[in-house]
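By written order: A, B, C and D. Residues from 1 in each chain.
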Amino acid sequence: MADKVRILGIVGSPRHGNTEILVKEALKAAEEVGGVETETLHVAPLKVNPCIACFRCFDEKDSRRGCPSFDDDMEKVYPRLAACDGMIIGSPVYFGGITGELKTFLDRTEPFVRYARTGYGGGLSNKVGGAIAVGYNRNGGQETSIQMIHAYYLVHDMIVVGSGLVETPGCYYGGGAVTYPKRSRIRDAVLEDELGLRSSRGLGRKVAEVAKMVKASHA
Amino acid sequence: MADKVRILGIVGSPRHGNTEILVKEALKAAEEVGGVETETLHVAPLKVNPCIACFRCFDEKDSRRGCPSFDDDMEKVYPRLAACDGMIIGSPVYFGGITGELKTFLDRTEPFVRYARTGYGGGLSNKVGGAIAVGYNRNGGQETSIQMIHAYYLVHDMIVVGSGLVETPGCYYGGGAVTYPKRSRIRDAVLEDELGLRSSRGLGRKVAEVAKMVKASHA
Amino acid sequence: MADKVRILGIVGSPRHGNTEILVKEALKAAEEVGGVETETLHVAPLKVNPCIACFRCFDEKDSRRGCPSFDDDMEKVYPRLAACDGMIIGSPVYFGGITGELKTFLDRTEPFVRYARTGYGGGLSNKVGGAIAVGYNRNGGQETSIQMIHAYYLVHDMIVVGSGLVETPGCYYGGGAVTYPKRSRIRDAVLEDELGLRSSRGLGRKVAEVAKMVKASHA
Amino acid sequence: MADKVRILGIVGSPRHGNTEILVKEALKAAEEVGGVETETLHVAPLKVNPCIACFRCFDEKDSRRGCPSFDDDMEKVYPRLAACDGMIIGSPVYFGGITGELKTFLDRTEPFVRYARTGYGGGLSNKVGGAIAVGYNRNGGQETSIQMIHAYYLVHDMIVVGSGLVETPGCYYGGGAVTYPKRSRIRDAVLEDELGLRSSRGLGRKVAEVAKMVKASHA
């Protein structure tokens, strides 16, 4: 399977629910492109300390791990991030942005920044990234949440794509989903959101297609 | 009527259609607050030259007009901008942002920037601003268009508000409307968009309420 | 002192450093407006559980506390949020956005959303908000971080202001600061950033002035 | 030269000045990657009618031209857009966004949207896009202007990249330049802005590299 491109789906919700459904739909669509393998990572169950801005990953190479300060679940995550060719990050919309838990997780990818001397430094460069956001209010921060994930990708020198050349995707920027008029607490409310599903699937395909292009160009 | 607060609605669409409907709904809601008078300004029919970055409004006071370089329809607009207490700018979503025509119009409010020696310099400070955007795709740039209008307001030191304390406004950031599944070419498609109407009306009320607070504090 | 407006500064950094310096400069400038009292809140030392989307604060009134699920340090924070007239939130830029720790803190203000039956529901409406961001790279996400804080404010129906009618503020949207060419690990690097200090002070004054207007209008 | 990738630089300024300098620096850096040819397009001298939302490009194929409504300078632009592999759009910051003239130009690429029956429909898909913004104020809207250009790219299903794996690029999102403390009216003020030049050059290289990957994958 070494030739397959690998797409990593990251679920930034505290629950198993709408965000997970959408990320998995995106990954399924990515697999249908062919030559793609996927895996899903849930952020909530992980034990992740917030970055303390110690800057030690800029200074030293710890032969045992990526983060010199904390030996927590991120150490199992780093190799998976390094190994993927594409990434799909999904989040429920919390106050117009991604969840704090997800942001804390993303902040701890500091060992991958270009300045890091961790062995991971610059290691997300040219991976392909797509974003999914789901909220109750219809225009309730889905776009601004996606923007925040795109900002993250660009800091890591990743390649950003949207939901692909789908007719009426509902959201061009990524997967954009709405639970209204169902309440957000209903964990599978997005199954009735045709546009949310369509844009998430389009995003999955797009990430896969561009990741394949990038990989093929290195062959 | 001198004691009434004045809310200026600006329609950034080339057509008489959905954007105009929403701006007028917002203005009607503003009037219902009481002590409010409103007027609507259409950008499209105006003859407006693009700003040429001559910087002459930074250097000189032309006793006859606001823009030293062009004697076009903006001269009739400047006093209306100066006289309002609140502003509601609406735009259809074009490529994730406001229309070029509307941006060209806004760019020509350069005589109001803080550095201008036009008599208008700093003249929009503390006016209250709200934004409305309407698109075909559901999460198709409504939020990013509203952001662009908010950026404009903040450069002018204006006070930014969203759609008010409405239950399920659909969009907190401002009026966010969708024409899908009707096609955008249908000029009154938004009449069926309950959330778009609700958030626009909420915005109108909010702009009026905060503009009244600001005015009352100066009384 | 009951008549004074109260401005709450929130420091979203894990350290005592540049963000704290800027928030305190903003608060000092706010106090110089007169009739203003301020306090500072550090997020990092607080024990704050991430929101688990239980939606219980939408359903029930717990007479003892704001969050029905967690009895942590947020309970001491809620009354301070409820009591303030203005808020200044500062964050270092982490991957183009605010820190995960700060976002987790903000997410836990869910008992203040309009739908909450906590006694705090809608309780941040009409409070005035300003934002500060400091990064190493010059255009490294200061604006996108400020946007994220503004999104938070608008969801709470707050009133958003920028850095005021300062000449060359460096950043109109809020306090925008840069540590480069000094390294971000230097905790007082921003003391040499004239534009960062200027925009933060301008922001502090602006939040105070508009908060006073809002309060005066209710007198 | 058919095998070279083609990068199109678009200058959205009314002047020959700082924006043009940065776009040309980016294009020069792109050429240094090798196998790249570039061209520059100035928007200001073109006669471009604003899009009137006639939707005729959705309905009909005009064998003679892309826009059924206007026979203006865009007709010469369309083939150049169709022929490029990558695009670098630069703008001065006007009120936190791109110039109205540039937005009007971009709006008129409607014949390339996925819904168009013009022969150009979907024609910008998978082209690689980068953005440059230059302003007087240091954090004065460079990021929000770049965001607006990225939104445009994503609507066209383009691939978005930032300024590459440069050390201290000053701006990750694209070319981010500042004229302060020199005044913006000085047409070559950015020549002294090391970070602005560095991020623009990095962007040029990045657009070229990724455009080459995409092209190679199709070979």
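Methods note: a residue touches a chain if its C-beta (ideal position, glycine included) is under 8 Å from a C-beta of that chain, and two chains touch if they have at least 3 such contacts.
Nothing here was measured: the structure is a model prediction, and the numbers come from that model.
Colleague: Starting from the Cα centroid of chain A, hunt down the chain whose centroid lies farthest away.
Modeller: Ranked by distance of C-alpha centres from chain A, the top chain is B.
Colleague: CA centre of chain A versus CA centre of chain B: separation in Å?
Modeller: Measuring from centre to centre gives 35 Å for this pair.
Colleague: Go ahead and note the Å separation of the Cα centroids belonging to chain B and chain C.
Modeller: Distance between chain centres: 27 Å.
Colleague: Can you list the chain C residues in contact with two or more other chains?
Modeller: Residues 96, 140-141, 144, 147, 151, 154-155, 172-173.
Colleague: Testing understanding: with touching defined as stated, what is the shape of the graph linking the protein chains, line, ring, star, complete or other?
Modeller: Per interface graph, the chains form a complete graph.
Colleague: Over in the complex, which chain A residues touch chain D? Could you list them?
Modeller: Touching chain D from chain A are residues 114-115, 122, 125-126, 147, 150-151, 154-155, 157, 159-162, 164-167, 172-173, 206, 210, 212-214, 216-218.
Colleague: Where on chain B is chain D touching in the complex?
Modeller: My answer: residues 13-15, 17, 44, 50-53, 55, 92, 94-107, 109, 140-141, 144, 147-148, 151-152, 154-156, 183-185.
Colleague: With touch defined as at the start, can you tell me which chain C residues reach chain D in the complex?
Modeller: On the chain C side, the touching residues are 96, 136-144, 147, 168-173, 176, 178, 180, 195, 199.
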